[in-house]
Amino acid sequence: MTFDAPTIDYAGLSPIIALTAGLVVIVLAAVFDRVKRFGPGLALLTYAVTAGCLIWQWNADLDLVSGALRIDGLAVTLSLLAVIAAAVSVLLAIGDPSETQAGRSDWLALLTGSLLGMVILAQATSMLTFFVGLELLSIPLYALCGTNLRRRESLESGLKYLIVGSVGSATLLYGLAMIYGASGATGFQAIADGLQAGDGMLSDSLTLVGVGLVAVGLAFKVSIAPFHQWTPDVYQGAPTPVTAFMAVATKAAAFAVFIRFFLVALGPLADQWDVMLAALAALSIVVGNVGALAQTSLKRMLGYSGIAQAGYMLAGIVTATQAGVDALVFYLSAYVAMNVAAFAVVVIRERQTGFSDDISTLRGLGREKPLLAWPLTIAMLALAGLPPTAGFIGKLYLIEALIDDDWTWLAVMIAIGTMISLGYYLRVVAALWMSPAGEAEGDAAIDTASLPPQIAGAQADPFEDPGADRRWYLVAPALIAMAAALFFGVIPQPLVDFAQHAGDALSVWVP
Amino acid sequence: MEQIAFFVGAIGALGAAFAVVIVKNPFYSVLALVIHLVFLAGIFLLLMAQFLAAALIVVYAGAVMVLYVFVAAYVGGIEEPKWDSSPELRIVGPILAVALFIAISIAVLGSGLSALGTPGPDDVPSGFGTPEAVGHLMMEDFLIAFEAASLLLLIAAVAAIVLAGRRREDRKKLPGGEGA
Amino acid sequence: MDIEWYLVLSALLFATGFIGVMVRRNPVVILLCLELMLSAGALALLAFSRMLGNQDGQVFVLIVLVVAACEVVVGLGLVVAMYRRRLPLDVDEIKELKG
Amino acid sequence: MLSSIIWTPLVFGLIGLLVPRRFTAWVAVLGAVITLGLSIGVLAGFDPDGGMQYVTDVSWIPGLGVDYSLGIDGVSIFLVMLTTVAWIPAICFSAMRSTERPALYYLMLLAGETSTLGAFLAQDLLLFVLFFDLMIVPFYFLFGVWGRDRGGEDDHAGSPGEGAVSVQSATLKMIVFTLIGSLLMLVGAIAAAVISADGGELTFSIQTIVARGLPEGSQNWIFWFFAAAFLVKMPAFPLHGWMPDSYRAAPLPALAVFSAVLSKVGAYGFLRVVLPMMPDASDLFQTTMLVLAIASIIYGSAMAFTKTDLRLVLGFSSVAQLGFITAGIFAFDSTGAEGAVLQMVNHGLVVVPAFLIVAMIAERTGSEELGPMGGLAKKAPVFAVIFLIVSMATLAIPASANFIGEFYILNGLFQVGAAWAIVASVGVALAAFYALRMYQLTMHNPLPEGSDSREISLRDALVLVPMVGIVVVLAFCPQLIIHGSEQAVDSSIAIVREVAK
Amino acid sequence: MTATWAWLVLLFPLLGSLTIGFGFKVLPARVAGLIGISAIVAAFICGILALIGLQGEPSESRHVASSLWEYANVGGLRIDLGIYVDPLSIFMVLVVTGVSSLIHIYSYSYMKSDQGYHRFFSYLNFFVFSMLVLVLGGNFIMLIVGWALVGFASYALISYWYRRNTATKAGMKAFVINVVGDIGLYIAAILIFKNLGSVDYGTVFEKAPEVFTTNEWEIVAICLCLLVGAFAKSAQMPFHTWLADAMEGPTPVSSLIHAATMVTAGVYLIARCHSLFELAPTAADVAAWVGLATLMIAGTIAIAVTDLKRIIAYSTMSQIGYMFVGVGIGAYSAGMFHLMTHAFFKALLFMAAGSIISAMANMQDIDKMKGFRKAMPFTAAMLIIGALALSGFPGTSGWFSKDEIIDFAHFRGGMYDWMWAGMLIGAFMTAVYSFRIIFRILPGPACKEAEYLEEHGHVIHGEPKNPATGELEDTEVGYPGEEHHIAEQAGGMKFAMSVLGILALIGGLVQVPGVDEVITNFLEPTFEDSVFAHMHPSTHEAWVGLGEGALISILGITFTWFLYIRRPDLPVKFRERFRAVHALCVNKWYGDEIIDFLIVSPVKAFGRFCNRVFERFAIDGATAGVAGLTRSAGAAVRDMQSGMLRGYAVLMLFGILAIAIYFLIRSI
């Protein structure tokens, strides 16, 4: 037996290599105290290089390492979104209790590892890379959720996410196994070929149930109802920088593989799964939006809103067209901007108010700190899909794609969902602008009673930082994201081109 | 012969699996899982996966289970209280699970896949399931997956340190500050 | 032995694992049940691998073993962290986050 | 040219953020005046028989087939004029009073003007929808931030008899209602473009879609998606549920332009989009729409004469007036449609001073509740006369341009069926009742304790008199508007008339 | 040239109104009054000049249409800002401006101490302007414009003392009823346009006979709609209720609007549209019958009520009823003739009444008035002249005009004989109620106010009370002010009354059967196309009619004398005996109540229903319902989000199972 080393295109692999190298350096840095404080810089440098490599590979369109990965428009665009989200999280985490308690470098290593998983996932074209990428994404996230070790909610969210997530992974694995059995292949293209070659495999029960289980696994990752239940809990419980990262980057990467697996590997079965996905999308839209209505925790509300938004995005896959993918990627990009703006403000506000993300803590902010209020306002308007924000264009794009493919009822569902969503997004805006600055209700952000005994009795929360709204690394992401949400609402074409770059990558497989 | 081996293995694996779910004491559950894995390794062998059977026993039943035992010992083998805050889950859950089992079984048995009714092809490549063959595949076709898995282990290690490691400030009983 | 048998066995193991997740309250045991579910997936993969005469599945299973190990490590890490934090090791008691 | 009209207000609003606080208001006034100047410039160069003019067509989102396409014709020009005219008194009125957070306030007011102008000038369906949605955002802030809770226990000004209203819930109601319609309209607009393209090149150009035509089956549902948006915006019975609360909570200058201009966008949308684009559906649903319109007239009038809150009287009178306008449009008759256009302008011109007068009344009596009011004319004859003229125009007394509008609408309705016109004319009588009642109960009867009959100040007079002057001038020459818009109105209803035959 | 004069007729009052209105701060009160008077006098002169111009034309082309500019023009419905000058409109112009001039002069003195002097004259001028628009307007739209502006001016003047609740209520009532009438005209105009393609008088009257056949439903509908307008404006049944309440306005207003000019607009309308009414005889009959009913009912009410101004107001209703009968049965020139003479004597009566009322310190109840013969001899004389003319005493103007109408009905015969009989009864009642006033307030011992006047030479200052409700009035605005010393001393008042007195006495002489027929001849070009134009009773028949009239009138006066002077106890006995009848009459035949029951209450109830029930339950309820549904869905979702990990797993499994089953079914 001879060893046939696979051909490796290092240029195409460069983003992953850069990220891996950075990861190793960051892990090593954990050992040396002197280097530790450069951790965020190191991480940002890593992400910058990774982003540079991704942009360098902008026009790449090739299979890497015996078909395990594929770098193309879809991978590049969605990886970029994940990288941006990670970079923002690094900034938001500076001085965050979670980062401090976990150890700065360790925390960053986990984040980078998760990001690496996302980049791999975005490029995966084989079930093995798919699965391992997904786990590489998830496992550090489980840990990250629990990194605010002093907060009960943080650990709770970590455990919940881990257990429910593992159930999802197991389900996904089972589904992958069934598809492997039905198609006899692990490469996405080979699966498609295998399913089409076998007689009747396109409507075989084995295939279809496998598809269903895979869909469940992926729906879980992008928080589609009824597999959404971890989302609000974890969003609320996890340290906010982690939530911000999770809300955005996970969706980007998971949707990348969702698109690729369903449109490439399962593309021939599009007629079989589209109704199921449409139903899931509609259910998510309803569940997410109504669930968010009466929430008092901003993060939890954003969690529910994330479910609804995932429903909107899933609609892009339902169409199984390039336009749908374009719309999805566009929406996702806009979603990055809106969520970053929102979470950045939440982070700042949390540090100012003793880690409460209750909506009532926002009251009167518009008058006192307009620089904080505006990003959140624009974020809420954008999430609600009001012009002149990218959110509006995103909805427009999705609806156009849906109607173009005769999914008008789903488009109407999006419209209805958006109406319901006004009920909670605007509550935030109202709190910001339309209420007198007020006594925050429910100030028991940390239940001091349940603190570990060794630090019980400490008076003020050591992480409280009244001047958080003057820290550039917290304010800048908010303002830039707000500017992006507005800019792409007024001049959307660059973002449309960006999104279409992703869609074009699939031109071989979908109309 | 094969049938007997299968049924022994299957009954053993299943029984151990039930035990994992049923026994009250976490220690016994861990032990039951070890037994389950041993039987499962046997079934792996029947499926011509020698390397994996070995890996399962060595890595899993050996190393990982030790970890379990340690943790179970550390946190104490707490028996679950009889009282259940939501007993309906105890009923609904298994019913649904059984339904799922039926559904998957129907999917498998009802499949038109021609190879299903057979024990698998005889003309498997030589060295099927041997470490050598698997290693070749891993280094050739699935290099990325392999490397990613190794990184995953690294990350998991970091995560374990983060979550379970005792921190300096804990020992000093001091609240953490910047750059801790 | 026909391949269906292995598959049905794997489905049974999967369901058993799922039941465990749904009825057990000790997180450590739940982690064990997750192992069961993953090993069920592994068994299915191996069965199909055997059926197809294709060793991709075997490599996949190896990856799955790694993944399972990693999940266990992180899960146990969380359990330890919770124990240190004096949180109840009972998933029914851990429901601060809800609504 | 049209772009500069649209964006000038916003630019000045942004400039207002930069200048010192005390200048903000005057920057805003300047912006509104310059916008008016620009629009007068357009009017001066406007050719009534020239169809679509001053066309701007730039590709905006080529990836989605959306163009930044503007144009002005006989219908839109007068609504643009109305907008640019109406905003000036609202801004001036506020400028003469101190406002909290002035920079933001004027930015929002001017952004509202920008988006409203955009809706009137957009010739691309999606651009129209976008501006239509955009309009509501600044008004959401205006109502929410500068409005106040009404009718609470210690609020004497806000008509406790009508129950309590909180700003937050009122504005939320408003925006949810409005967006229910406009989101469906977004779906409808996209569907119209996609279906009419029929696989060809996708474009949202209204003219192209009209030229391509839509199949009848699709028209039927798209029609309702659009109609929902427009009817809510107007508001028309029974979709006016948002109106009472938000009218009561809103700050009056913003409410004045909101009621005067934004409600017209709905009616304009029928004329610009629905009738030409969905002629078969319009014909099919003519009766339904007429029933809704007539119901609005009757219901609005009935509510207007039972309400005791001045804002609600005006609000429900708007419901009735917009009912007339809708009825005129759906008569598919050139007199009816022309009357509707005339009435849009007239009603807008009347409502702005009316709401500002309400504000002045509230300054004098400390209340907006009709019941305990009266006698304000005592020492304020000029004020009373201005209000009298406004009231008379509201009730469309013959000799006002409103009368010509209403008469043409009735005439148009008569062509559909005598019964429509006769029932609608009940609304005319009721209008006389509620408008006069409003005037009498405020200005006439004995002056109660605590009210201050104070003559209108010169500054306020400077705000109101020009508006009233325009109303009077139009009363003498409604033909000014009719002449300019006749051709455009005819072409708007030409297709549906063809179908209706 | 004629047209120019006609335009100037319109211009002067408008200018006067605007000048006074805008100059209220700078103009001294006297000057404002003078401007007001001169504006109307100027209009009157221009009217005469226009008349001269018109008379210069040959009789067949004695009409001029003139347009200033296109007012509105869409889809063939062209409306010009135009006037139409023909003998009829000039006749009306002269009557309106002439009587108005006198009333302005009267008001100049009468309103002297009122603080709203400017406002009053501005309104008054505006009213004259509106009335002139009404009569001069060259198409139906201008007619409607004038029509409505008159209504508006009437509203403004009725609630001139706007601090009185009763005055504002009365104003509102008048306005709303007038608007109802306006709507009748709207619909008529629309129908006319629909059938004839134009709203211009010239075209319409020319084309109508070609388009319509007699009594075709459309023309009947048109005429009935016109009649709605006419009835409302002229206070005919069932739109009559506003007129009596309109007496809340100052007395000159009652005199001007509610006697001499505005309320006659309905008569003018029918005369103007006679070519349409002749195509729809049914509608014309309706007009006549309604006129008859009104004149009789109003007569009974006038006999019963005790408020001085209201008696005269009901008498106005009644006399307009005569005019309606007149123009309804085709006696156009007779109708117009009566319109003119009525303007004279009714204005006179109101002026005299105003004089007395001011002497009574705003008291209007004739039960409390007595003995003014000595206190106010001039006024008493004028009152008697007015009453004589009103009751058609031989030789007075009313005798000639009223009896010409009565006679024409008899001449038409058939069912019109019934009208003839009715009108004679009405004439009797007229004599009764007019002399009831005279015999109640002039003779006898002077009441305290009259006595005071006699002794001090100026009127008493009573408590300023609202005559309707007895509430104390706000003296700051309105009448009577502290400095109010007029009775009949004021020169302006005396002058105006004298002129009118003379006209009331001799005004009838312009049209004496067999002698001269000035009015008929003058109006002939207008009514030329009428089938009745050349039908009139012979001179002999006419004189017989006049004799009957004279008899009835003298009988009536004698009866009244008997009743109130000889046997003053009888009226009380009658009242006791026929309590129900009296109550019916005093309560105006329950007209207010009927309208209230049939229209006002249902409308208000509908409003209340909308407000309290529909809005609350249907609109708000639906909104709240949808919101509640959404919220409860949210609550359900949140309930499911129990925080229980195991629950999450179960739900997830449920989802997995659902999808698996879906696909299993699909795979079959």
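Per-chain numbering from 1; labels A, B, C, D and E assigned in written order.
The rule is simple: a contact is a pair of C-beta atoms (placed from the backbone, for glycine too) under 8 Å apart; a residue touches a chain by one contact, two chains touch by 3 or more.
Keep in mind that what you see is a predicted model, and the values were worked out from it rather than measured.
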item: Chains touching both subunit A and subunit E, listed by label; value: B, C, D
item: For subunit C, the least number of touch steps when starting out from subunit A; value: 1
item: Chain whose Cα centroid lies at the greatest distance from that of subunit E; value: B
item: Chain ID, smallest distance between chain and overall C-alpha centroids; value: D
item: Interface ranked first by C-beta contact pairs; value: B-C
item: Distance from subunit D to subunit A - Cα centre to Cα centre, in angstrom; value: 43
item: For subunit C paired with subunit D, centre-to-centre distance based on mean C-alpha positions, whole Å; value: 63
item: Whole-Å gap separating subunit C and subunit E, where each centre is the average of the chain's CA atoms; value: 95
item: Computed distance of Cα centres, subunit D from subunit B, in Å; value: 68
item: Contacts with 2+ other chains: residues of subunit C; value: 7, 14, 17-18, 21-23, 25, 30-31, 42, 47, 49, 51-52, 56, 59, 63, 66-67, 70, 74, 77-79, 81, 91-92, 94-99
item: Residue numbers of subunit B (touch at least two other chains); value: 85-86, 89, 93, 96-97, 100, 103-104, 106-108, 110, 133, 141-142, 145, 149, 152, 155-156, 159, 162-163
item: Subunit D: positions in contact with at least two other chains; value: none
item: Chain-to-chain touches, reported pairwise for every pair that qualifies; value: A-B, A-C, A-D, A-E, B-C, B-E, C-E, D-E
item: Touch list for subunit C against partner subunit A, complex; value: 7, 14, 17-18, 21, 27, 30-31, 34, 37-38, 40-42, 44-45, 47-49, 51-52, 54, 56-57, 59-60, 63-64, 66-67, 70-71, 74-75, 77-79, 81-82, 84-87, 91, 94-99
item: For the subunit B and subunit E complex, residues of the former touching the latter; value: 85-86, 89, 92-93, 96-97, 99-100, 103-104, 106-107, 110
item: List of subunit E residues in touch with subunit B within their complex; value: 642, 644, 646-647, 649-650, 653-654, 656-657, 660-661, 663-664, 667
item: Subunit E-touching residues of subunit C, taken from the complex the two chains share; value: 18, 21-23, 25, 30, 91-92, 94-99
item: In the complex, subunit D residues that touch subunit A; value: 60-64, 101, 126, 130-131, 133-134, 136-137, 140-141, 144-145, 167-168, 171-172, 175-176, 179-180, 183-184, 186-187, 190-191, 194, 202
